[in-house]
């Protein structure tokens, strides 16, 4: 439908006004404060050994979380949108839970399960695996808090697109896997794209839960968000903002990559 | 042997069951297991201690404020998020790509930076002359900032995929824009809007880092449940903290379920 | 169909990139946060390396960043590498209790050390040292705007009409308890008159404290951001802030509490941990502490800096108030403590 011109302009103005107050101006302020000391200072700030360690740790943890949650997210979306079973509302609710629980409690719950005095503590210690206060713990916390995104993005799209084509393919003799790969997956590409973007952004920006399970050992279990907090505590606000700008850059890059891939497909 | 080719339904059913099985296992290990640990911990002192912790005046006040402000956040996001998604998908204006790129930033930024920035913009030293820091409104502001992307990103992919044929058919039959929107587009978007709003609500309920900086954390006034829980942990009352967390979760579950029921009811009435 | 091959390629690239990244060793940077690639806290490479884990509360990081390289230049410190972790005192203590490896620990409130003693991680004899287990001390001071425009010098000045006081919430920040203990102690004559003490705290919290930040650092940020007329804080936080370029002044009131910062080695720590601890208590390290505003426990160094650290005539200690156990139970118990009750009533008043 083509919206009438006055309506279109009104919506555009409202949208932009909203964004200005609640997004553009705050983000502009962050970038302004970041680059106020100059690009050289910012570069120095993000290339200290601690910052480089934090950067790679954040990338590593987020990459794992994204891959894992994308695959499982699509699986869960299929179960919700294509499956025929009762109790979907229950799975829906459980999927949304990771957010409703305060981040500090997320961290503590992981310690209760995987920590040295936790449910699996003794067994893990015997096997020589350290989860809490080590990278696996950070990964677990990040996977936990980013769980809902891909499934929540993909499920409505799956429902919207409908399964006519999939049924047709099945009738023509395609196997389940072929149907999925060639029909379903392309139809949910934008859902996956935005799901990945959100998951990445959230994973790199996660602070509370990671703060509890990481142990904050500089150069080892310190993520970029933890580095931001440490710099803030040390009155290095410029350094804190610089590290935040790095996080913002990663998020922007992810969006760029995901939308470029999708755009190319549309033109194909 | 029959000559008719029967539709091969079995692979779909098998993979459906497989998807369900994997999903259940995954959710149980990653989500339910840690949450179960919290529930068990909350009952370490027996039901009496549990009840004492969750019925304390601060706990109740914090919970009420948290739920109300989170509902407001979700409701406002449902409207603004849909508006933004519409403008981003269906409109064209210079800088649209930039705006689209910035939408996710509230997620990527550490909550402390978000809090600091909002404090600078809307606090005592505000260049805009607006000082709402340390009020209930400040909490709403912080929540709107950090939950921005949810509804927008939820609606965008659906809006992109929506079948324009129905719209065009309706218009050619003489339906007004309003009718087309309310009866054709909105029902298609509703699951996505609700999904995004539900996530925004859930996140708002658990949000800690940005609120703790800008709200002042005054009990009975601007203290949210997550801050109260943090207080309990720092005061060596972990059982109380677990108990209040469990109640917070339960209430969130109820509200989320209601949001979904609302959606299903709304969708059914329109078709 | 063009889509499938591109889809496969894209997914493959994504997965491979992720895997490759996963295989990249995360610690390929280092632990130093010095700009311009300064010397890392990793020490020189040599045979027989020991690694010490220092887990401490957040503020003295600036000092340890200087102490550690100096220690590594000494014969005892040669070849010793360091892993450091800094965070809120209570959180760090709980982390060590939950399994975070630590050889040397330092906290800003004694209960955080007691927790580790109870868990068997720190020996009960940790206090039997010439410095009573302390590494530095400080006092509660008033942080004010440059030039002290409202002329705030005494605890009575805090109660003047219209004066807004900032202090972190004592329940979210264990270390912030010192502020209210100072307020309580000076009004109760060093603990002898609890009613008077509580009456003061009540008036302070109900009428003059509008905002309760989560931590001392956040409270300072709020203060610098334009809120409030005076901030209750540690003397060394004010000095460190000034050294880092924050535009603040501070006043040492006549009555205040001595803030005790403790340090100990853990039971399983290697002997280098004890060497490090001894170094931290020795004059070179104590000098570094003094430069950042911490009151040294080493007598000679303290004497040398007597001008910088005037002793308040009405200085009292936590012992005068009955010790931490008594204070935590009577004042800070989250359900029944007197200060908890004051807080609640203050909140109710604000919301009406």
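Letters A, B and C mark the chains as written, and numbering starts fresh at 1 in each.
Assume a residue touches a chain if its C-beta (ideal position, glycine included) is under 8 Å from a C-beta of that chain, and two chains touch if they have at least 3 such contacts.
Just so it is clear, the structure is predicted and the values come from calculations on it, not from any experiment.
J.: Hey, how would you classify the chain contact layout here, line, ring, star, complete or other?
T.: complete
J.: Taking each chain's centre as the mean of its CA atoms, which one is most distant from subunit B?
T.: Farthest by centroid: C.
J.: Can you work out the whole-Å distance between the CA centroids of subunit B and subunit C?
T.: So the centre of subunit B lies 35 Å away from the centre of subunit C.
J.: Please work out the Cα centroid separation of subunit A and subunit B, and write it as a whole number of Å.
T.: 14
J.: With chain centres defined as C-alpha means, what is the inter-centre distance between subunit A and subunit C in Å?
T.: 33
J.: In subunit A, what residues contact two or more other chains?
T.: Within subunit A, residues 232 contact more than one other chain.
J.: Mind pulling the subunit B residues that touch 2 or more other chains?
T.: Expected reply: 116, 120, 230.
J.: Mind pulling the subunit C residues that touch 2 or more other chains?
T.: Residues 91, 221 of subunit C each touch two or more of the other chains.
J.: Using the touch definition from the top, list the residues of subunit B that touch subunit A in their complex.
T.: Residues 5, 7-9, 11-12, 14-17, 19-20, 22-24, 26-27, 30-35, 37-38, 40-41, 80, 83-84, 86-87, 90-91, 93, 99-114, 116-118, 120-121, 141, 144-145, 148-149, 153-154, 156-158, 160-162, 167-168, 170-171, 177, 180-181, 185, 188, 191-192, 195-196, 198-199, 201-203, 205-206, 208-209, 225-226, 229-230, 233, 238, 241-242, 245, 248-249, 252-253, 256-257, 260.
J.: How about subunit A: which of its residues touch subunit C in the complex?
T.: Where subunit A meets subunit C, its residues are 41, 44-45, 47-57, 59-60, 63-64, 66-67, 111, 115-117, 121, 132-133, 135, 181-182, 185-186, 189, 211-212, 215-220, 227, 230-236, 239, 261, 264-265, 268.
J.: Within their complex, state which residues of subunit C touch subunit A.
T.: 1-4, 6-8, 10, 14-15, 17-18, 21-22, 24-37, 40-42, 53, 58-59, 61-62, 83-87, 91, 95, 98-101, 217, 221, 240-241, 244-246
J.: Can you list the subunit B residues touching subunit C in their complex?
T.: Residue list for subunit B touching subunit C: 52, 56-58, 61, 116, 119-120, 123-125, 133-134, 212-213, 216-221, 223, 227, 230-232, 234-235, 237, 240.
J.: What residues of subunit A sit close enough to touch subunit B in their complex?
T.: By the definition above, subunit A touches subunit B via 1, 3-4, 7-8, 11-12, 14-16, 18-19, 22-27, 29-30, 72, 75-76, 78-79, 82-85, 89, 91-106, 108-110, 112-113, 118-119, 140, 143-144, 147-148, 152-153, 155-157, 159-161, 166-167, 170-171, 173, 175-177, 179-180, 187-188, 190-191, 193-194, 197-198, 200-202, 204-205, 207-208, 224-225, 228-229, 232, 240-241, 244, 247-248, 250-252, 255-256, 259.
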